[in-house]
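In what follows, chain A forms one complex with chain B and a second complex with chain C.
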Partner chain A sequence: MAVILTFAEERGGKVRRPALEVVSEARRLADALGGSVASVVVGSGVGALATELGSYGADRVHVFDDPALAAYATEAYARIVSQVVTETRPAAVLLPFTAVGKDLAPRVAARIGAGLASDCVALSVREGRLEARRPMYAGKAYATVRWEGEPQMATLRANVFPLGAPEPGRPVEVVAGSADSSARARVTATRATTAGKIELTEAQVIVSGGRGLKGPEHFHLVQELGEAFGAAVGASRAVVDAGWVDHQMQVGQTGKTVSPTLYIACGISGAIQHLAGMSSSKIIVAINKDADAPIFKVADYGIVGDAFEVLPKLTEAARAYFAGKG
Partner chain B sequence: MAEREVIETDVLIVGGGPAGLAAAIRFKDLLAEHNKNAAWKLEAGVMVVEKAAEFGAHSLSGAVLDPISLKELLPDFVEKGAPVATAVTEDHVYLLTNGGRLGLPFVPPPLQNHGNYVVSLNQLVRWLASQAEARGIDAMAGFPGAEVLYDGDRVVGVRTGDKGIDKHGNRKANFEPGVDLRAKVTILAEGARGSLTKSLVGRLRLDVGRIPQAYSIGLKELWEVPKGRLSKGAVLHTMGFPLDNRTFGGGFIYGFTEDRISIGLVVGLDYRDPFLDPHGLFQRFKEHPMVRRLLEGGKMLRYGARAISEGGWYSIPRPYADGVLLVGEAAGYLNAMRLKGIHLAIKTGILAAETALDAIVAGDTSAATLAAFEDKVLGSYVKDELWRVRNFHQGFKHGLWAGLLHSGVQMVTGGRGLVDPLVPSKGYAETETLADYYGPGQTRDDFRRKKMDGALTFDRVTDVYHSGTKHDEDQPAHLHVADTNVCETRCREDYGNPCEKFCPAAVYEMVPKAGDPKDLRLQINFSNCVHCKTCDVMDPYQIITWVTPEGGGGPRYDDL
Partner chain C sequence: MKVVVCVKQVPDTETRVKIAPEGNAIVETDVNWIVSPFDEFAIEEALRIREARGGEVVLVAAGPDRVQTALRSGLAMGADSGVHVKDPLVDAGDTLATARALAGALKTLVPFDIVLTGQQGVGGDHGQMPGLLAELLDLPQVTVAVRIEIQDGKAVVEREIEGGRETWETSLPAVISTQKGLNEPRYASLKGIMAAKRKTIQTVDAAALGIDAAALAPRLKVVAMELPPARAAVKMISGDAETQSKELLRLLHDEAKVI
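Entry: the complex of A and B
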C-alpha cells in the first residue's frame, strides 16, 4: 500500500500552516492512490502534535521528541527524515516550501537519491504515480514534471493547496522514533527580526505600496490599510531601493514570491518584475492614478485614483466592515 | 584587513567571450604540440575569469559568423557540435522609408554572407567554454576582473571583485575579499569598452597616436514566430527608418531557425540629438510594415544590448605592454562595414596565445617580446580586412549619403577613400545641447517617450525582464558617477539628462528630491544594468565609470 510521507514543520509548539496544507494534499493524493498518509515531526515537546496531524488526515505520525532537537538544525533533521524514509519506504515525500523546507528537502533528497521537484503549485495522480506542476522563470511558464524512481519528493508552495476540514478525534497511530540527534553545528540563539509581523509568504491578505506614494512619509497609509485588513504589508523594489522600508518586505522577482488570497497594490505600476512575485494571488486589487498602468491588466478590481484619497477611504470602510462583523 | 588569497598561473585571461576562450583553447593546444617534441615538458596553467554566472550569459550579437578563424581554432568544429546549424541562404539590403522600402538590387561584397552562419553568440560561447574545460582550463565563471595589478608599469595580474559588500559599503556575513590572480601573461578580452582595458590604456598611454575609439550600441530581441515567416538563414540588413540621415546605424533581421528571428538595431554613439533614445528607436523599427509583418503574432523571448567598437584600425591602441595583451573588441578588432567581429576576436585570441606561449617558453614576457603579437596581427588577415575599412565609420560623420559615398570610394581604393585618415568621430562630444539641437527654450520636460503596446513593442523595464538580468540589490551601485551635482544642475539644463534616454535598461532616472519636488536627483537602478557600457561611452561630461558589480550578476542572454 502506497504511503505518502509528509514533514510536519513545527514552530512554537504548533504545526505551521503550510505543513498542514501539505498533510491535506497528501491525504487527497493517498485517497486517489488507495494509500495512507504518514507524517514525521521533529522537535522538543512535540508529542501532542500527532493528534492535530491526524485530524488533517495523517494515519500515522513518527514523533522524534528530544530536547536536543528543539531548534531546527539541518544535519540532525535531515538524518532523521532520511531514516524514516528508509524505514517506511514511502511512494512520495512531501514538505512545505518554507525556509525550513527549502533547507531540509534537498538534503534529504540527496541522501536518499530521490528526485526533488520544488515549489510545486499542483499535484495529481496519473497511472499510479504523481505529477507536479511548478513555475519556471519567475512564473512565466509552468512545467509538468514526473519522477523517475522512488520516492517521489516535492516541496509545496504555501498558501496554494487548500487546507482540508479537520476531523477532530480521527484515529492516528503514533510511533515514537529514536535517532541520533547529534550535529556538528548547533543553534545557539534565534533572533526573529520581524517579531509579531505576519510572514509575507504565508499571509492570506497582503497590502503593498509602491512609488506612487511619493515618499516614505506617506507609507503609513499602506500600513494602516494593512492593519484594517489584518494583512501583511509588502512593497515594490522601488521603495525598498529608496530606503523607505526593509528588503524583507520586497515583493517581486528579486524579493519574495507571494500567493495570498487578496493582494492590494497601492501606487504600484505593475512592471513585470513585480508581477513575477504576486501574479498567482487569487484576487488582485490595484489602486493607481495612471489608467494605463500595467497593473490594471492583471487586477481583478482596479481603482483609478489618487492613492492619497483612496487609501484613507478604503481603510475607513474596511475598519467599519470588520467592526460590524464583530 | 582580510588577507587576500594569491593564486599564481601562467596565462590569465579576463573575459570569457570568443576572444578569451579562443586564446585559452589555442594556448593549451599549442602547449600540447610543444610538449610532444620538447625535451623538457612545459607545464603551464591557463585561467579564464568571467563576470557572468555562466559562460555565454553576457554574450550576445546579431550574429552572422565568418567561420574562417573558428576553422583554424578547431578544424572539426562541426563534428564537435559547434552551434552552427544555420547556414546563410540569402542576403538582402533595404533602405527603409517611413512606410516603404527600397531593396538594393545588389548586395555590396562586404555584406555578402555566402559561406557564413547565422549564430547565437551565447550558444557559441557556451560551446567554446565546454571545449576549454575539456582541455583542463580553469574556467571561472562568476569572477569579475575588478582591478589590474601592477608592479611599476608591468602588469602582473588581476584582482577579482570582493563579494559580500552591502549597499553602504559594509561587509555582509558572506564577505569574501577578491583574489589576486598573478600571471606571467595577462590577456584582456573584456569586449567593447572593457573596464580594465579602459584604465590600462589610459595609465600606460597605449592610445598615443591613435584616434579615439568610436562606438555604437546594438540592441537585440529574439522572437518566436510562426514557421515560414522568414526563411532559416535569411540575412536582412536595413538602413534609413527609423534613423534620420545624420544618425549612424541600421537594422538587422536574421532567420535564426525556422521559427526564431534575431532582430536588432545598431545606433552610432555619436548622434547629435540629446533626446535620442536608442531603445525607443529599436521599438519603432519593429513598427515598420516590413518588420511588423515578420513579427506580428509572435512572441518576444529575450532582449539584450551591448556597445560595439566601431573606430576601426586607426583607433586600436598598442595591443601589448609588459605582461599584458589586448584582444578582440576590447582592443577594437571589429570590421564595422561587414558588421563582424567574432571572427576577428577568435583570430586575435589565437595570435595572442601563440605570442604568450613563445614568451613563456623564452622566459620573457616583457613588452619587447609581446610586441610579436602586433607583428602577427599585421601579418594576418586581421590587418588586411581592417585596413580596407579603416575609414568606414568616419565616413558617416556628415550623414548617410556622404557615408555611402565615402564607403563606395573606400571599397575601390583599398580603404583609402577620398581622404585618409578621415576626421574621427567625436563620439559623446557630438551630442548637441538642447538649445543647439532644438532651439532656445527647450527643456528636459519636453521629452516624450514612445508608448509601447506590450505585444510588438515593449518598454525598457519589460525588455530588461526578458534579458534575465539580476543583481544582488544589497551592494554598492557599480555605476560610479563622479559628481551627481553635475546631473542635477548643468546636465539637466544643457542636455536634459541624456542618460535617462541612452541607457537601454532604465538604470538612470532623475527623480524629484524629497524636499522640493522641483529639484531632481539622480537615481541609479543599477540592478537593471545589462552591462552594455553605453553610459561609460556616452555621458557628455565623461563622469560615469562602469565597474564590475559583484560576480554572477547581470543578464542571462540565453540564445541571443
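Entry: the complex of A and C
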C-alpha cells in the first residue's frame, strides 16, 4: 500500500500551519491512491502532537522526541527523515516550503537520491503516480512535473493547499524513534524581526507599497491600511532598493513570491518582476494615479487616484467595516 | 582562504517568458542572460572574505557555452579563476544531476574553506543547490544567510526565517547560501573587465569528473510548461476617494467574497 510521508514541522510546541496543510494534502492524495499517510515529527516534547496530526489525516506518526533535537539542525533532521524513508519506503515524501522545509528537503533528496520538486502549488494522481504543478521564473511560467522512481519528493507552498477539517479522536499509530542528534551547524540564537507581524508568504491578506508613496516618511499610510485589514505588509523592489523598508518585505522575483487571498497594491506601477511575484493572488486591488500602469492588467479592482488621498479614506472605511463586522 | 562560488546563469528578471513549441521549456532566443542576482551576493561576499583574509575566489558554473559569459562577469568583479562544467547530459538533467556535476567539480578544488552560492536561482526557483551540494560533499550547511562572519575554523551566520533571524555557528568548510541583504554587489570596473579576459576558465565534462551517465539521469521531468492563466479584466471604481473606498469594500465583500 502506498504511503505518503510528510514532515510535520513544529515550532513553539505546535505543528506549523503549512505543515498541517501538507498533511491535509497528503490525506487527499492517499485517498486517491488507496494508500495511507505517515508523518515525522522531530523536537523536544513533541509526542503530544501525534494526536493533532492524526486528526488532520495521519495514520501513523514517527515521533523523535529528544531534548537534543529541540532546535532544528539540518544534518540531524535530514538523517532522521532519510532513516524513516529507508525503513518505510514511502511512495512520496512531502514537506512544507518554509524556511525549515527549504533547508531540509534538498539535503534529504541528495541523501536518498530522490527527485525533488520545490514550491508546488498543485498535486494530483495520474495512473498511480504523482504529478505536480510548480511556478518557475517566480510565476512567469508554470511547469507540470513528474518523477522517475520513488520516493517522489515535493515541497508545498504555504497558503495554497486547503486545510482539511480536523476529525478529533481519529485513531493514529505512534512509532517512537531515536536518532543521532549530532550536527556541525547549529542555531545559537533566534530573534524576531517582525514581532507580532504576519509573515508575507503565509498571509491571507497583503497590502504592499511602492514608489507612488514618494518617500519612506509616507510608508506609514501602507502600514496603517495593512493594520486595518489585519494584513502583512509588503513592498516593491524599487522602495526596498531605495532603502525605505527592509528587504524581507520585498514581493517579486528577487523577493518573495506570494499567493494571498487578497493583495492590495498601493502606488506600485507593476514592473514585470513584481507582477511575477504576486499575480497568482486570488483577488488583486490596484491603487495608482496612472490609469495606464501595468498593475491594472493583473488587477481585479482598480482605483485611479492619489495614494495620499485614497489610502487614509480606505483605511478609515476598512476600520469601520471590520469594526461593524467584529 | 579559498572560497568557491557556484554561479547560475539565468534570464534577466525583466524577461518576458515565452513557451517553446516543444511545450516544456522557454524560448531562449532573445533572452538576456545574467548572473543570478542571489549568486552576485555570493561573489561579493567571497571577494570581501579574500580582501579581509587573503586567499582566492574560484567560480564554478554548469551549462552550455553561454555560461562562459556569466563566469567572465564574476571574474570581472574580481574572482580569480573559473571552472565550467560543460556537458549536455548535465544540462538535460534535473537539480540533482546539476548538483552531482558541481559537487564533482568542487572535489577537484579541495582543499577549500567555504562554498557560497545564491539561496536560489532566479529561474527554476527550486532553491535546492545549497542543500544538495552540502549533502553530496558531506559538509555542514547554513542557508539564506544575511550576515556571515568568519572566525577561526568556523563561521557565524545569520539566517532569515519566517518573521525573524537565527544565528548559526558552523564548522568550516561549509556550504553557505546567500540572500538579499547580505551585501551590495560591486559593479565590475573597466580594469576588472580587461583583467577578466586573461583569467583562466577550465572546461570539464562529467566523464572527466568521474560521473557516469546513470548518475545524471533525471529523476524529475518537466512534462509541460505554460504561461499563467490570464486574469479577468479589471473593474475600475470611480468617484471621490471616500466613495471609491466604500465601493471597494462592498465589492470585496459581496462580489469577491474575500472579506
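Here, the second predicted complex is superposed on the first by the 326 of 326 C-alpha atoms of A that agree within 3 Å, B and C clash if a C-alpha of one lies under 4 Å from a C-alpha of the other, contacts with A are read in each partner's own complex, and residues count from 1 in each chain.
Note that in this section a contact is a pair of C-beta atoms (placed from the backbone, for glycine too) under 8 Å apart; a residue touches a chain by one contact, two chains touch by 3 or more.
Please read all numbers here as calculations on a predicted model, not as lab measurements.
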| item | value |
| --- | --- |
| Overlay on chain A: chain C relative to chain B, clash or fit | clash |
| Partner chain(s) touched by A:215 [first = chain B, second = chain C, both, neither] | first |
| Contacts of A:319 with chain B and chain C, given as first, second, both or neither | neither |
| Partner chain in contact with A:129 - chain B first, chain C second, else both or neither | neither |
| More chain A residues in contact - chain B or chain C | C |
| First, second, both or neither for A:254, with chain B first and chain C second | both |
| Which superposed partner A:199 touches (first chain B, second chain C, both, neither) | second |
| Chain B versus chain C as contact partner of A:185, first or second or both or neither | second |
| Touched partner set for A:272, first chain B, second chain C, both or neither | both |
| Chain B versus chain C as contact partner of A:118, first or second or both or neither | second |
| Clash-bearing segment of chain C relative to chain B, given 44-52, 134-142, 206-214 or 224-232 | 44-52 |
| Doubly contacted residues of chain A, that is, touched by chain B and again by chain C | 247, 253-254, 271-273, 276 |
| Chain A-facing residues of chain B, complex | 454, 461-462, 464-465, 470, 473-474, 514, 523, 525, 527 |
| Residue numbers on chain C that touch chain A, as the complex places them | 11, 13-17, 19, 24, 26, 37-38, 94-96, 99, 122-132, 134-136, 139-144, 156, 159-171, 174, 180-181, 217-228, 231-232, 234-237, 241-242, 244-246, 248-249, 251-253, 256, 258-259 |
| Residue ranges of chain A in contact with chain B within the complex | 215, 237, 240-242, 247, 253-254, 271-273, 276, 294 |
| Of chain A, residues touching chain C in the complex | 74-75, 78, 98-100, 102-107, 109-111, 113-119, 131, 135-149, 183-195, 197, 199, 201-202, 205, 229, 246-248, 250, 253-255, 257, 261-262, 271-273, 276, 279-280, 282-286, 291, 296-306, 309-310, 313-314, 316-318, 321-322 |
